[in-house]
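One structure follows; several queries about it will come next.
All chains are identified by letter, namely A, B, C, D and E, in their written order; residue positions are counted from 1 within each chain.
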């Protein structure tokens, strides 16, 4: 769909972008924390099985966890050091998860040893295995194991590969910087992805608020690759996979279906960069680029941060305001609030945003009854009726929500809550309702 | 650590808000209505001022007292009841006895709003509920109009205004007919410039179309009002009455006259757009506006009453749940084939 | 069926057809007798009430009349004295004064008002060639507004002498009865409306016009029907 | 089956606790349609009460005579008969009243209250009890109608039973005698009843709580 | 002598003098079956259908009663005919369309005690309508009944999710909505005049 010259999807919202403060800052290396806590669940799927023991010394890049089945990936040591413990650690979800407590050796180098490379000439299955072994997951935030997505079942095919450099989430500039600084890796990654998926062409999607990135990628676009860089209108949630498909291809993923059903595949630009970086060198993910920002952060910036860095160390290092009271992993629209500062950075963390009390609008806004203004209806990119869903949720009619109002199609982008003038915590209600529906379904099955 | 012993707040995303709030929206509607109210006072003098003040005061007080009686915090602060009061006052004949104004104000808020659960659940526009009940209760008083811009309007009030509670008003000999009544019962058309500028008799707030439009444009520009509803009403009224006018200009008034006379401007701009009672989908808004436009013209042309905007909007309110249901958009991905689950 | 039976027989046998017939016919006979006897007793009373009400209305609209006679109208045969139940024929009522002279005719008319049908009876005076009185028989007009057609003295004054003279050739009214705005009545065939109850007053004028257009020429052309027989 | 109840109880229940209008919300058509004046309301109420009592008596006296299969038909027949009787009697007594009540006298036939009492009570109880039940329900119905009619007439016409209550300058609330006024008035009475009921329930709850506390 | 045009009759029966909102006929189903839109619209359909059939029957009966000069049997005859019409319609639908029967079935017995049906028969007789006028009158009344019921159901479904005060919940609120709808329908006054 095209509006005012630039492609986009229908509905959506325009939150303040707040990206200017970090978009110009180059990626900087982040120091090691005195203790790194590497959770063995950083992805969707089964936890990795630890292959190290307490007291064992590990090399930076060494595998410390192996995948438990296909729906799982490897973990690698982010630093050379001593395994203090293999025990439970707090996670963003509030639950305790198994983790490896790693104490880096003082002066541990940030240089990385190469492993066995996986060349572009390898077979599809070899590349997929290499991606799983490198521990690659979707770095956009969902942390879905990438190799699972790339395993195309018999009878299905992909004609278009979309590389998602939209980064519509306010405050975050991770992908922006990656596109500017790691374009070579991105295109290498794309070659691997094209090979594995068999797609005919690739589209790199960039939002119009990053003209420098789009320009840079266009210039760097290898002439032998069939594809293009598309600039999209600035609108949230343009970066959601489904929105990209409808904006770029005019195709809609069937309700509760997969992108494969419309012969498309979407991969985050940072994920592509990681694949391009790691596979030729036979390495695993040990660190990632994260935007540390928000009104409460003193030294905002884009940092390459070792996986497992505790949030407390990270914030102390960049400095935060005294009255900070909310920290999210991710951006303010879809990011999850950190339950404590003891949790650590994982592969799925694209940003850390800290707010002070005064900037925290929602804390002080009174909740009014729904006045049926319809803002949410005009915002929902899935064309749901959040107002109705919200009222149904308030009276706990969860099955009606799921059966008649497509509750399960909501992907919690937060657009409805953002625009709601009554400040009704719609997304929160939908999450609760979804959990209740899943529970009752599980109970019934 | 920098944040000391402070605990982190855990709330679910999104963590930022658009900055729109019910009370800011409502307050802006009040702002947009102020010029209209000001003109009403200018045109009808003391009578207009007293009518509007009494309307607002009775509505606000009723809401406050009902909240108190129900043991809840007063909801007067969200400004919505002020809008109700202002709109209600603007729809009244400026010479209406003040006791009737007050009684209607109580009906607006009690019957139109509080008994259904208050803000957000008032299916019918409360201001129009009050006015419709008053119209049914006191048909004579509700159709007795005084001309605007009368000499001495700032120093005296019509004899009817200060009628003792529960007694019948006495009218001076100065009552005059509205442009719609003049047309309906005498086929006399009023000059368009008089209509647009408000040099006519009628309800307090229906006299100045220009100021009403200014208020509407302000709200639309701030995205606090659906432009689709008034646009659809105006378009429907224009096309429908225009077609009739082409058929027989002596029987059917011109579309311009239809647009600018009576309560159409005020109703279409400020009452039909009341968020609670209007559809939420865009297609629903178009249909809702078309329905209001058609019903208005039908009542004005063939019905017994000279004006039908109020009834048309109330009917629109009643149909809204169905419009919302029928125009519910197809969700993303429902068009494609259903994937195996 | 009593409870003891229910208790002893959990599945009671269905009653015989005879029982059902007996019950239906028995109740039917009882009801029939009751209705017919009540009908017989009340019928004369009801007839008398109706006749009185009609009489009252006729004398109301024909103030000088002291007796009245009912005529039925047949398109071919003109007006005839009503004999028995002449069902289906429209009726008019002739009023006579003490000297048994014809004063005028009372005619029933109806038309759509604001809410529902308005039915009325009006008196037509031969001498004045005018409607000299109306009486609303049935109306659901808005109380306090539309029902002024029954109470408003200014409005009722219209019908003390409303011109319905016929054209020279006797085919139609010379002037249609037309409603005008309150205070603008200039001609005797105009009806001065009620402010605020325009619909209802216009409805009265229109229904009178329609009825008079039909009846007055016919009455005048058959004048002898009413005079000849008495 | 209310075997432990006395006939007086049968009479009382219809007046208040099981009032057909305010509590059971039965027979709404006449309640709303002809309650625009107290006189009409009372006349309608009494007419309905009469039919109810008579049909209750007849139904209960014939209860062993009527087979189950044809009972509804016979009830309708009996009720329709008495309604016809009432219809003619009212016509004979006052034509004006008859006009005011209009077709609603005939519509007593389909008042759910009548068939309901015949089916639920008269067909299972003695003549004496059924009479008392009919009396109670009938008078309760008439009382409720009167409550509505009185409010509507006083506000809508400034009078009660046609007698002017206020000074001439009283402004009538015309809406009250219009159809919508009927809905609003009945809604108002129901609100009052709900409120009384809830207040009593709350008070009983607090008393019970208090007692429990004392015991504890 | 009734010369009302068919259009007038239709508008009158459906909007101006809506059976439910102006004549209070069929209030029981109006309050009873208006909680859900689906049942409301089905009920409306069923009532319209029965109205049409019984209107035709009532017209026949009236002609017959006039012929045999037995006006006192009017009421009994009407109610008997309506009750048996409903039974016949029920049997007929059951045989012809089981699907329709499943959706209308439970409402049909209720219709017998729906005063709107008897009211229609009585009114059309009082007004002395011709056969065609009766049919239009029945269709108008049915359309008006359905319209009122459907509007009511929509509003009640919407208010189902509202935080309605306890005192208002239930019949009182339904009556208030009905009153407001009735006020709204007053706007149609004079149409079709």
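The rule is simple: a contact is a pair of C-beta atoms (placed from the backbone, for glycine too) under 8 Å apart; a residue touches a chain by one contact, two chains touch by 3 or more.
Note that this is a predicted model, so its numbers are computed, not measured.
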Path length in the contact graph (chain A to chain B, fewest steps): 1
Contact distance in steps, from chain B to chain D: 1
Reference chain D; chain at largest CA-centroid distance: A
Furthest chain, CA centroid comparison against chain C: A
Chain closest to the middle [Cα centroid of all protein chains]: B
Chain pair that, of all pairs, has the most C-beta pairs in contact: A-B
Chain A-chain C separation of Cα centroids, rounded to whole Å: 84
Cα-centroid distance, chain B relative to chain C, in whole angstrom: 44
Separation of mean Cα positions, chain E and chain D [Å, integer]: 23
Averaged-CA centre spacing for the pair chain E and chain B, given as whole angstrom: 33
For chain D, residues contacting two or more additional chains: 73, 77, 80-81, 84, 88, 174-175, 178, 180-181, 184, 191
For chain C, residues that touch 2 or more chains besides their own: 31, 35, 39, 114, 142, 144-145, 199
Residues within chain E bordering two or more other chains: 22, 72, 76, 163, 168, 173, 176, 180, 183, 186, 189-190, 192-193
Each pair of chains that touches, named by its two labels: A-B, A-E, B-C, B-D, B-E, C-D, C-E, D-E
Interface residues, chain C side, partner chain B - complex: 114, 142, 144-145, 181, 193, 195-196, 198-199, 202
Touching residues on chain D, where the partner in the complex is chain B: 166-167, 169-171, 173-176, 178, 180-181, 184, 191
Of all residues in chain E, those that touch chain A in their complex: 160-161, 163
Residues on chain E engaged by chain D in the complex (per definition of touch): 21-28, 31, 72, 75-76, 79-80, 83, 112-115, 117-119, 122-123, 126, 166-173, 175-176, 178-180, 182-183, 186
Chain B to chain E touching residues, read off their complex: 70, 111, 114-118, 120-121, 123-124, 129, 132-133, 136, 295, 298-299, 302-305, 308, 310-312, 314-315, 318-322, 325
